[in-house]
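Right, I'll just put the structure down here and ask away after.
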Amino acid sequence: MITIFNTGGTFNKAYDELLGRLVVLNDNKIIKTILKNSFKSNPTPAIKGLIYKDSLDINKQDRKLLLKKIQKCKSKKIIIIHGTDTMNKTAKFLNKYIKNKVIIFVGAMKPFSIEPIEATANLMSAYGFLQTKNKTGVYISMNGLIEKYNKIKKNKTIGVFECRK
Amino acid sequence: MITIFNTGGTFNKAYDELLGRLVVLNDNKIIKTILKNSFKSNPTPAIKGLIYKDSLDINKQDRKLLLKKIQKCKSKKIIIIHGTDTMNKTAKFLNKYIKNKVIIFVGAMKPFSIEPIEATANLMSAYGFLQTKNKTGVYISMNGLIEKYNKIKKNKTIGVFECRK
Amino acid sequence: MITIFNTGGTFNKAYDELLGRLVVLNDNKIIKTILKNSFKSNPTPAIKGLIYKDSLDINKQDRKLLLKKIQKCKSKKIIIIHGTDTMNKTAKFLNKYIKNKVIIFVGAMKPFSIEPIEATANLMSAYGFLQTKNKTGVYISMNGLIEKYNKIKKNKTIGVFECRK
Amino acid sequence: MITIFNTGGTFNKAYDELLGRLVVLNDNKIIKTILKNSFKSNPTPAIKGLIYKDSLDINKQDRKLLLKKIQKCKSKKIIIIHGTDTMNKTAKFLNKYIKNKVIIFVGAMKPFSIEPIEATANLMSAYGFLQTKNKTGVYISMNGLIEKYNKIKKNKTIGVFECRK
């Protein structure tokens, strides 16, 4: 069984008409929409929501909370929806403490609510990767790359995750 | 390297205003849109288009053509976009002749041009699955299931691929 | 007050996964979606649904039913959602019998469920036209033209309503 | 002939991946998309772009520039795309100086790039209104209301234009 931990990030941003700007939704509506349309009546991964922040605002306490929740979770296969700016930092932190699970970070350069393809692709390629993976470790699934977290990083100049040189 | 063979199917249907109905596009525009939005500037799978039919119209000659093209293709990892109604039949046919590659069939219950999430999810979960797969064989990736072609089938009553009982 | 009579047509077509093709919805869901997003909390036109057919299938009895319903309706301002192929025919029929109301036919070359802009534009330009209109008569609002029903017609070769020459 | 003056506003906002937020586009792409889908091959209103700002940033000089451009424009029928926060202020300013034209302000509570229905509806109901209007004056077309600029205003608490009491 796979569990999706949803921490927020651009993936989960939607337009707030009253504020006149994008906000991180503090629920799992976006992920549920993707799973509903993809899986239809088939069983889906479980979803656990927490933190719900832009990743620039995720702090040490948030990371400790996430660690604790993952350690308590029975799933060996974990997907974490997370903002792209500090994804590598959270991945590095979890990598220190979690040795017996496979964890894949997923985010989006564009909110699903504005452009649904990239977010869906990043999430579902992680899902496909987990179907066969028996190994453990911490990965990132972004823009067609599914690699160990320290092998790829965000190129902020052009807005895409790339292999580290 | 992964090569995507595009044979058409509901995945590639779009509305033709002059005919007043959905037609199978005879190009690879839909797949290119998904890859462009997902991979951005990263290298994508190659795409080869052929047949471009509703799967109910795919005949023996079409299957032989597809077989020949896959045998000639250097990629060991193949994704085939194919209509859902005879996907299992084409999979069974290819399974007889191709032993040294991994092949995954992908389709959609709804055209990408009408509902982009399911088609993107089916394709990209196949893509993720191929990242780690060293085994060979013929698979289907539909509605969150990625299984050997003879393990799942379309439930036409409710419109979803399910595990065979 | 404006009343919208919804008779179906391409405007109201949506994809049926089980049938594998577009069908005319037999409800007013599409129109309600447009009005909800456009008017928000403001009062909207009333909606009355009937017939729900592709306009090629609308027959004499359907037109008589529509006439009767419009005659009974208290609104002096009527919008009729109608398929494009026989829109002029139904308009001509109503024009014979209804003298004290303004009626505007609205359709779409593409289903709202596939491309929402054209259908919304045809409907809402008719709505705007009705804000100032005190005259009576039967009109068509399609593709930026809002004219007496016998002044414009569908060009089936290029898929657009044009002025008659 | 109708001319559309495009000053920017939420109507024209789109997501900038590199900045990670919505920005007012400094071109007329959004309006062209609406007109292209609505009018197809029929002649459309002319578009003139200027200012391209969030309406909170529109200043006295911007308003003078807009006034000058409208006075020079030969069209008697003008649509102005404008942010909603200071729409009434710009309308009041133009109303002092322009007596021989009909002007309609149009905006959107949600960017077209996120939710296309409201923006299309506000613009096209203004367009329909202009088909019959021979009177002069300054109007606002928002959320199903097309009224003199001083008759309606934005309700910021619920995010909709309403009649003034």
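The chains carry the letters A, B, C and D, assigned in the order they are written, with residues numbered from 1 in each.
The rule is simple: a residue touches a chain if its C-beta (ideal position, glycine included) is under 8 Å from a C-beta of that chain, and two chains touch if they have at least 3 such contacts.
Remember, predicted model here, so these are calculated numbers, not experimental data.
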Could you tell me which chains are in contact with chain A and with chain B alike? none
Using C-alpha centres only, name the chain that sits farthest from chain A. C
Centre distance in Å when chain B and chain D are each reduced to the mean of their C-alpha atoms: 45
How many Å are there between the centre of chain C and the centre of chain D, using C-alpha atoms for each centre? 26
Can you check how far apart chain A and chain D are, centre to centre, with Cα atoms defining each centre and the answer in Å? 39
Mark out which residues of chain C touch at least two other chains, giving numbers and ranges. 109, 115, 158-159
Touching pairs here come out as A-B, A-D, B-C, C-D
In the complex, go through chain C and note every residue touching chain B. 10, 15, 17-18, 20-22, 109-111, 113-115, 156-159
Taking the touch rule as given, give the residues of chain D at its contact with chain C in the complex, in rising order. 33-35, 37-44, 109, 115-118, 120-122, 124-133, 141, 143-146, 158-162
